[in-house]
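Paired with chain B in one complex and with chain C in the other, chain A is shared by the two complexes that follow.
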Partner chain A sequence: MSARSETMLWIAQRATAALLALCVLVHLATMIVAVRGGLTATEILGRTRGNVGWAMFYGVFVLAVAIHAPIGLRTVAGEWLQWRGHAADACCAAIGVLLLALGGLAVAAVTL
Partner chain B sequence: MSSDLDVDVWRGDAQGAYRRYQVPRQDAQTVLDVVTWIQRRLDPTLAYRFACRVGMCGSCAMTVNGKARWSCRTHVAKVAQDNRLTIAPLANLPIVRDLVTDMREFFDKWARAKGQFSPTATRRDDFARVVPTSPARMEIDAAIECIGCGICYASCDVVAWNPAYLGPAALNRAWTLINDSRAGDQAVRLAAVAGDAGCHACHTQSTCTERCPKLLSPTASIAGLKRATARAALKGEL
Partner chain C sequence: MTLHTWRNRDHPAYWASIVHRVTGILLALFLPLHFLALGTALSGDASLDGFLAWTDRPWVKASEVAVVALLAAHLTGGLRLLFIEFVGWQRGSQGILLAAAGGAAACCALAFALNLF
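Entry: the complex of A and B
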């Protein structure tokens, strides 16, 4: 991989880290506030279904995770398993696609 | 200072072992004094490096009680625990014999990081004017006093995990040149220090900065390289 590509991966990971810090805070605060007094799944779905705002928020959340996690896993594979090169890159990219698909399905399930 | 020190010294190559020596304690005794006493009084076959004895040349670095240190400026009183010292060669470098490591890879990485000054002016040009208080010159001042001892390199976990990683000293050197208005080949230098073997591999653990005997901060230099390479990549100049 070229120096430019590796630098762009680093930028992408740092940018998504900043985004995730915000997303996680909002997510945790929402959970704590939403369940005060008890909530059922039906009530939650009643609030999230058809809500464009939550769909966009969790869509961005999932996208950031799908970018951030595989870049980090690529570093872990290189440093801890000494596994580097095209096969490692492809495996980490596949994990990113998987996270995007699973996360996207979850977001769709609660917002559509 | 009448008691003896129990000193375990690494002997042999990578398959070697520690050997114990008894060395008398003395006032203001340095670790280099201890090693020299062993070589001159107990075992003349002990191999180690030193030159200046005053913290300038960077040749006497060793692992002392588990941490890389410059032996000529490390007082025994500061590091001995229960009158015991364990002295080994620097980590992350091949052992030649006893306390001597093969420093070739360490210095080859300086070259790979484009640590050589490549001038943009000729002898017919006027002297370059570098304002001492300019931000670039002050960045250089903060990083330029490296003596090439290898302590940061031996202390860096990323070097241990990723043998291609250029290491703190080479990247620190590159950062001084990136800030040098007289230096050429800057695009080549930025490309050389970017990526998985360069500044982006650094985890900012700062062990290099904690251990640097000259109190430099390779971590800050590497952070500067990360910013410079990121800017260049976003502009399409990398």
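Entry: the complex of A and C
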């Protein structure tokens, strides 16, 4: 991969990290409060279903994860397994697509 | 792992990097399962309730606390990196930064556990 592409990946990793820091803080706080007294589908879906704000929040969350996680895994694969090149890049891209698809499905399930 | 990084294993930042990578890998493995679980809501509220009833087992709850600890540790470790790289926090204060990151992650996991059990 070219130096320019590596730089773009580094920027994307850091930018999504900053975005995810905010998302994870909100998610952690929500979870810590929500689990008090037990979780039910009515309680979860009552908060999220039809709520544009939560839909946008979790949509952005999933998109950022789908970018951040594969880049991080690619770095670890290169450092620990010395697995680099097109095959490693393709595998990590596939993981990103999988996370985006499953995450999008989850967001749709709880917000639509 | 290179010989250079192995020689740095006595440095706190080395172990912080290991924790950040391991928590990242484990979260990446967990996320598809988490998304699939939430996706059960597509089949109706009863499906999600069925899944939530399954999670009401002690070992599942303990696993949930572990996942929250992983997430909080990856968050605080990542924030530490961002502050070092972009805000210019000194690498010399690694000990304090690592202690703060570990403490904040532990507090999150504890708060979640106290509310869950």
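Assume the second predicted complex is superposed on the first by the 107 of 112 C-alpha atoms of A that agree within 3 Å, B and C clash if a C-alpha of one lies under 4 Å from a C-alpha of the other, contacts with A are read in each partner's own complex, and residues count from 1 in each chain.
Going forward, contacts are C-beta pairs under 8 Å (C-beta built on N, C-alpha and C of every residue); 3 or more make two chains touch, one makes a residue touch a chain.
Source: prediction; values computed, not measured.
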Next item on the list: Check whether chain B or chain C contacts more residues of chain A in the superposed model.
Entry: C
Note to self: Under the stated touch criterion, which partner chain does A:102 make contact with: chain B (first), chain C (second), both, or neither?
What the structure shows: second
Check: Now for A:6: first (chain B), second (chain C), both, or neither, which partner does it touch?
Finding: first
Note to self: Under the stated touch criterion, which partner chain does A:92 make contact with: chain B (first), chain C (second), both, or neither?
What the structure shows: neither
Check: First (chain B), second (chain C), both or neither: which does A:28 touch?
Finding: second
Notebook entry, point to check: Touch check for A:80: first (chain B), second (chain C), both, or neither?
Noted result: both
Notebook entry, point to check: With the two structures laid over each other on chain A, which partner does A:40 touch: chain B (first), chain C (second), both, or neither?
Noted result: second
Next item on the list: For A:71, select first, second, both or neither according to whether it touches chain B, chain C, the two together, or no partner.
Entry: neither
Check: Between chain B (first) and chain C (second), which does A:18 come into contact with in this model arrangement: first, second, both, or neither?
Finding: second
Checklist line | Intersection of the chain A residues that touch chain B with those that touch chain C | finding: 79-80
Margin query: With touch defined as at the start, can you tell me which chain A residues reach chain B in the complex?
Written below: 1-4, 6-11, 75, 78-80, 84
Checklist line | Complex interface listing, chain A residues touching chain C | finding: 14, 17-18, 20-21, 24-25, 27-28, 31-33, 35-36, 38-42, 44-45, 65, 69, 72-73, 76, 79-80, 95, 98-99, 102-103, 105-106, 108-110
Check: Which residues of chain B touch chain A in the complex?
Finding: 158, 161-162, 190-192, 194-196, 198, 200-201, 226, 229-230, 232-234, 238
Next item on the list: Flag every residue of chain C that touches chain A in the complex, lowest number first.
Entry: 1, 5, 21, 24-25, 27-28, 31-32, 34-36, 38-42, 45-46, 48-49, 52, 55-56, 68, 71-72, 75, 78-79, 81-82, 85-86, 108, 111-112, 115-116
